[in-house]
Amino acid sequence: MSADEAAGGPSGRLVDELVAANRILGHEGVLDAYGHVSVRHPEHPEWFLLSRARSPEYVEAADIMTFDLDGAVVGDGGPVPYIERFIHAAVYGERPDVGAVCHNHALAILPFSIAREATLHRTINAARLFGDGVPVWDIADEFGTSTDLLVRSIDQGRALARRLGAGPVALMRGHGSVVAGEDLVSVVRACLDMERGARAQVDLLALGPPVRPTDAELAAPPDPSPGGPGRDREWERLCRRAGVAS
Amino acid sequence: MSADEAAGGPSGRLVDELVAANRILGHEGVLDAYGHVSVRHPEHPEWFLLSRARSPEYVEAADIMTFDLDGAVVGDGGPVPYIERFIHAAVYGERPDVGAVCHNHALAILPFSIAREATLHRTINAARLFGDGVPVWDIADEFGTSTDLLVRSIDQGRALARRLGAGPVALMRGHGSVVAGEDLVSVVRACLDMERGARAQVDLLALGPPVRPTDAELAAPPDPSPGGPGRDREWERLCRRAGVAS
Amino acid sequence: MSADEAAGGPSGRLVDELVAANRILGHEGVLDAYGHVSVRHPEHPEWFLLSRARSPEYVEAADIMTFDLDGAVVGDGGPVPYIERFIHAAVYGERPDVGAVCHNHALAILPFSIAREATLHRTINAARLFGDGVPVWDIADEFGTSTDLLVRSIDQGRALARRLGAGPVALMRGHGSVVAGEDLVSVVRACLDMERGARAQVDLLALGPPVRPTDAELAAPPDPSPGGPGRDREWERLCRRAGVAS
Amino acid sequence: MSADEAAGGPSGRLVDELVAANRILGHEGVLDAYGHVSVRHPEHPEWFLLSRARSPEYVEAADIMTFDLDGAVVGDGGPVPYIERFIHAAVYGERPDVGAVCHNHALAILPFSIAREATLHRTINAARLFGDGVPVWDIADEFGTSTDLLVRSIDQGRALARRLGAGPVALMRGHGSVVAGEDLVSVVRACLDMERGARAQVDLLALGPPVRPTDAELAAPPDPSPGGPGRDREWERLCRRAGVAS
């Protein structure tokens, strides 16, 4: 047991993985100066780890803070946190199965967040996470038409988490998305798949009606399954591209 | 007080920030060999700082010149200035609230400058600066149909500035845009948002009619507000990507 | 004769070329963490060479394994292979003229794999390999609607190889493509041409009906022909871009 | 006078500029392994300089060969030349005003080479070189429907040059383009503008009918005019990006 772990802090390995996830998502263009990615605390499931308010591509281990499921800092104040940390807090609170969360504004998915007649849904295999259609959360439904669209309270976060339901992704009208998964590798991969799936769907609109996957195909487990060798090779690649140790 | 400041010149810090803004906009692809970015002189609001005619990505502190609100060089002649410096002079003259200006030919916005039936307007949050619709200035309205579309005089610049009105951005028919803001960080960010907003709007045309933001959402203050921590983290990122000190 | 060759293994030169093909296809974005490229064994045409399950951009000579035409490892077990090695095994088995194979999920071609009314066909010269239309293989035709779309057996691989027929490329519904050619240089080039051709065809949909090539033009030999100087200069370029010796 | 000049060869400075143009067009993605750029010999206007058959991004001074206006090598045989050198020979022969030529397959313009109903024409300022519409040369008009579309003879080159007429650019059906200008800087710039103009025109198709430039605007001289400071700053930038001395 390290000194950190003895003190109740997360292991250095998990912090390293969270730093890597930040840098990867920045390097791959899913996150720019905004958006963030977090991981649930392994020993304290009522806490989660998230960087201070910093551009993800430059996050370091020393930037990682701990929050509770109301979005409050665990321990002393520390540096300025992200305003929208409530997204993470609420998803961990509503979804015991979720181990990692990303909030992003990936450009390819944003038009789908305001399209009245088009739903982001599974087309190609990489878009499997979209299933029959990605839910869109409209902050105005519960919080009125005068917000700036940002999730600024735990109540707003919980409304978003309810719209997310049991799935891996929800869009936020005019603003972005939330992606949830069992661990950081799953969430990073889902973010990259989300962009590929959205771009393919836009191209498809020019090509005409597609063949839709069958219900059984939609229900197939993700490929490759967690813990399998495919995940390892994807993680190695993403870490090398972003210049972090895998 | 530095020697420069004692001599009435701008502080080294502001020049460094202007150099950084040039390099960032070049690095991010908003400016190529053409287009330019300027900042109002902090002690002499009737002057502004702008590079000599050079590709923004390679501008150095020694390239920075000072101009008055007619677009004339302050002091001795010096090197060759940009032809279209009148855009900057006129916007600073008409708009006391403006502290920085960029003229660019970002590819994503150019089609909107000549589309008869499509107006660049707010769709996603990053496009908030477009508001209800970005005005398009047609040089032919006042200066006839025989120009080369360039702003070659202070009178042409002032006509453009009037079309800009109180907003942050105007398009110039067939040519480019002018972006104005309170400081360099705001203007750099607006340029990047402008490109994202325009690309999202083109994709939306394939997806069908969008949900439009409410009036109150359109009126919400920019996020993050000037001076806030979000701006710091964005500037840090952009400087690091462009290889300049932040 | 090297020790490897004496032992019945492939020459170091061919392994180097296969490593280069992996790195090139990774570097150029045809392959990411998934997809793979193989070459037939020059002395044992009933075998082929393929990396262990690793991201192609990082494949090294030590990762190269040997498989037979049922997709079984030749020799002792070794590391974890790619699940979909059966694609390669089946194409080499059905097509004696084929010396190299790539399975990929290049984003530009994926929408065509599920479009009901649009067929990837030759438009521009770079798309010559598409001929009159690229066949689409639907795994559900023979293997039902409950698969995860992956080619997990030699029987599935052989069905795909039959759909490929005598051509250089087939699409796999919702999943990807298989590209076959006489050697690695041909296959790498075909993958790059495939992406260019697909992107041009999507743009063409906005431009209206195209002039189609004539039958004789479609029948013209590939340019430049194998062994010619054009191939050398293309390979030199691709190797230099990917940072490998040519 | 250098030894080269004494021997009737071109000056080292011009060769350096041609090498730079090759590397720039490769670096910027206008040329890949195929396509080429040439310059007329300054002392012998009946000759022109062109690399041996090599990827432009890697051309060196030692690769430069001299050809006459029939496309024959001046002097001893030397290395393998580009097949399509006849394009250059014919344009220099037909157009005494032309000092540099590029043949390319830039992806953005290729769909326009086969669109029956869409003509590449001036929309935005960067597309000024398109004028009222870029001519498309169809090799089948004079040489039948059984070619491979490549320009393999001086007769084919001359037919293309006649279709080019007095303008700066012509498309070649299903294949590519030829760009001609008074010097290398003009031609490099025209190639980059051509790509920007084509991309803008495709986006415009989604936005609806555009405002067209006036006849006088179309007739305005290019900006900036040859020899002016704008050209210097563009050339500096392109050389620095491509890693060559300007």
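Here the chain labels run A, B, C and D in written order, and each chain numbers its own residues starting at 1.
Assume a contact is a pair of C-beta atoms (placed from the backbone, for glycine too) under 8 Å apart; a residue touches a chain by one contact, two chains touch by 3 or more.
The structure displayed is predicted, hence computed values, not measured ones.
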Minimum number of chain-to-chain touching steps separating chain B from chain C: 2
Identity of the chain that, by mean CA position, is farthest from chain C: B
Superposing rotation of chain A relative to chain D, computed on C-alpha atoms, to nearest 5°: 180
Centre-to-centre distance between chain D and chain A (centres being mean Cα positions), rounded to whole Å: 47
Inter-centroid spacing, chain D versus chain B (mean Cα positions, whole Å): 33
Interface hub residues of chain A, defined as touching at least two other chains: 206
Residues of chain B defined as touching chain D within the complex: 32-34, 53-55, 57-58, 80, 83, 105, 107-108, 110-118, 138, 140, 145-150, 173-176, 202, 205-206
Residue ranges of chain D in contact with chain B within the complex: 123-126, 196, 199-200, 203-204, 206-211, 213-214, 216-217, 220-221, 223-224, 229-230, 233-234, 236-238, 240
